[in-house]
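Note that the chains are named A, B and C in the order they appear, and that numbering of residues resets to 1 at the start of each chain.
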Amino acid sequence: MNEILEGLRQAAYLVFSLDRDLMEISLMSLRVTLTAVAAASLIGLPLGCWMAVRRFRYRRFVIATLNALMGLPPVVVGLIVYLMLSRSGPFGVFGLLFTPTSMIIAQVIILTPLVASIAHQAIRELWAEYHDLLISVNTSRNQRIATLLWDGRRALLTASLAGFGRGIGEVGAIMIVGGNIDHATRVLTTAIALETGKGNFSLALALGFILIGLAVLVNLIIHSLSKTEVSGRW
Amino acid sequence: MMSRIFFTACAVICLAVAATADQMKLAVTTSFHNSGLADVLIPEIKKDLDLEVQLLVVGTGQAIRLGAAGDVDAILVHSKNSEETFVAEGNATQRTEIMFNDFVLIGPSSDPVGISKAETVVGAVAKIAKNKALFVSRGDDSGTHKKELALWSLANIGASDRDIAWYKEVGAGMGAALNTASGLNAYIISDRASWLKFGNKGDLKLLYAGDTLLFNQYAYLPVNQAKHDHVNSEQAEVLGNWLVSDRAKNLINGYKLLGEQLFQFNGSQ
Amino acid sequence: MVEPPILPLIVKNASVRRGRKVLIGPVTLTLAPTGLTVIMGPNGAGKSTLLRLLHGMERVSGGSIHWQVSEPEARKRQSFVFQTPIMMRRKAIDNVAYPLLVHGVDRRLARQKAIDWLDRVGLSDSADKQAPVLSGGERQKLALARALIRDPDILFLDEPCANLDGRATRELEDLVLAAYENGTRIVMATHDIGQARRLARDVLFIYRGKVHEAALAPLFFSDPQTREARAFVRGDIVE
């Protein structure tokens, strides 16, 4: 209990004194995860939507695979990406290992199935609702997808935010491919792992509270920007 | 087509970044990093050599793997046998000794099996095994782990004698293993520096030290450019020279924690 | 530019099957270019299925459906009002304008027309409200405005007043009649005999998936030919 209180106190101190190291790792956390979420959304949202409206043969199989990929342990993804990006690996020549880029790549792989799956679910419901109307009014497939994406945008935003939540707290993959290098690839989660490993529990807790606070802040900002809770709106 | 454009763009960006930075990647063990010496040396290296050393803090096994794969420019580890194999396999052209400290035996303050009274370290570990006292092992093929295994071997305590009822292999770095030992109030072998810097000691105390077998040598191995031509051998060599210089000697010997000197420099030009 | 008419619609032995069960058919009929046809019959007789079949929303399992122009063209000149109005999660005005935007009409012009139609159905005040929060009657009027905004050759309505109160029903019937008088071919399903009497110019009586009777309205209501039709017109329960 003492450590938790101590953690809160340290968190407050670090934030209000605008601690430089804290700023650095927090910004890196945001940079990695926000970029990964953006990319994962760009791939996953249309993919989920396309799967919702398209009839194709192996649909059940693809959906099952997507759902299974959601359960893939991030550390396994990290290991595979490491092997791909290692100098001894196929893409080693790009020298991407131990850079923020490799962390983003790993997170995109982890987050895209999640975003696509949630988007698919949401759009499927909306499609069931709109189905007869969109067919009757003679929309093309692209028009249908565009309409569903637009009218379903709140649910799609939720999908992206779910991706953000998963990404900002992820530590296994980015530890392996990023290397947790001080001033280069250290983020909040890897710093927490490091401090815990050193036995500095209060500091680790402090960083943990800051991480939670950051995640809540991002969610609040996005919700207020999209005016999701204004009454009378859908 | 799209993927080709994407990869070309990536390559261009990476080349651009690589050209402007004076950096190198150094894999070090958790034992070394946890001592806090790195936090002293890295800024001085930046000042003296205008070189940014990026530290990857990993287990000895992973450090060696990274070096062999050419993913880092040099490694700093403390497992002589593994280092010699590393050189023999052509991954490095030489190993350079830098400094040493010692391993210590840690355990609950009440010392139930009385290792603080043992005459030799081998005797101490034998007592732990005989009494089946709770013991935490690194279990991760690190320098510390290899030292621990060597001690069991000298005490004639085989793997089958190390029963999971009392012998707990955590497969983790020094700090994490100490955390577990602290939580279980168990015995553990640690390097002195990591122990002194460790922030969660709980009821644990340093119970035994001083046997020559507990000698812990750190060495620096730059990755062989002949094997991986992209490594930053130039800077790795510069750093290697710095690490055996008088400047490094003063910094290393001068590093104290709670009044104790943590490392003894023994590099030679 | 005047487009070629899509009617008459010629249906020959068309049927809809699901698995081994025949939902409707075989049906043979012709829909003339003008008229107000009411499809009547007890619940479950197959009225909805027949409407959906004519509109191309059910696949034909046998027989043929033949418009005067190609199928894709014909599709563009039909509209459908569903029993439960399908409201898009947008403002009322955006719902009404939607079919125009789908067909590439300029945004500003579409908006103008939508405002005009909202006015015609008496929903001007609700233009900027979110469609799903409107009342049942308002939603159905909105659906009708949306269906008529492209000035379709033929309008199908599937029991549009089934869930509406008296006032809303009257308003909707007036709008349907207005469209009819304006030249739109109307085909409407209902199980409400009173509504059928008020609106029908000709009647198709459906019973157990088959067209039991087809006749001009005055004839049908004064002298139904089959037993089931007679029972239905009387107001009895027809099983």
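Please note the rule applied: contacts are C-beta pairs under 8 Å (C-beta built on N, C-alpha and C of every residue); 3 or more make two chains touch, one makes a residue touch a chain.
Computed from a predicted model, the values in this text were never measured in an experiment.
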item	value
Chain whose mean Cα position lies farthest from subunit B	C
Among all chain pairs, the one with the most C-beta contacts	A-B
Distance between chain centroids, defined by C-alpha means - subunit A, subunit C (Å)	47
Chain centre separation in whole Å, for subunit B relative to subunit A (CA means)	34
For subunit B paired with subunit C, centre-to-centre distance based on mean C-alpha positions, whole Å	80
Where subunit B touches two or more other chains at once, by residue number	none
Shared-contact residues (touching 2 or more other chains) in subunit A	none
Subunit A-facing residues of subunit B, complex	7, 10-11, 14, 17-18, 25, 30, 34, 42, 54-58, 68-71, 172-173, 175-176, 178-179, 182, 197-201, 228, 230
Parts of subunit A lying in touch with subunit C, wherever the complex brings them together	126, 129-130, 132-133, 135-139, 143, 147, 151, 232-234
Touch list for subunit A against partner subunit B, complex	86-89, 92-99, 101, 179-182, 184, 194, 196-201
Contact set on subunit C toward subunit A in their complex	55, 57, 72, 75-76, 78-80, 82, 86, 88-90, 98-99, 102-103, 129-130, 132-133
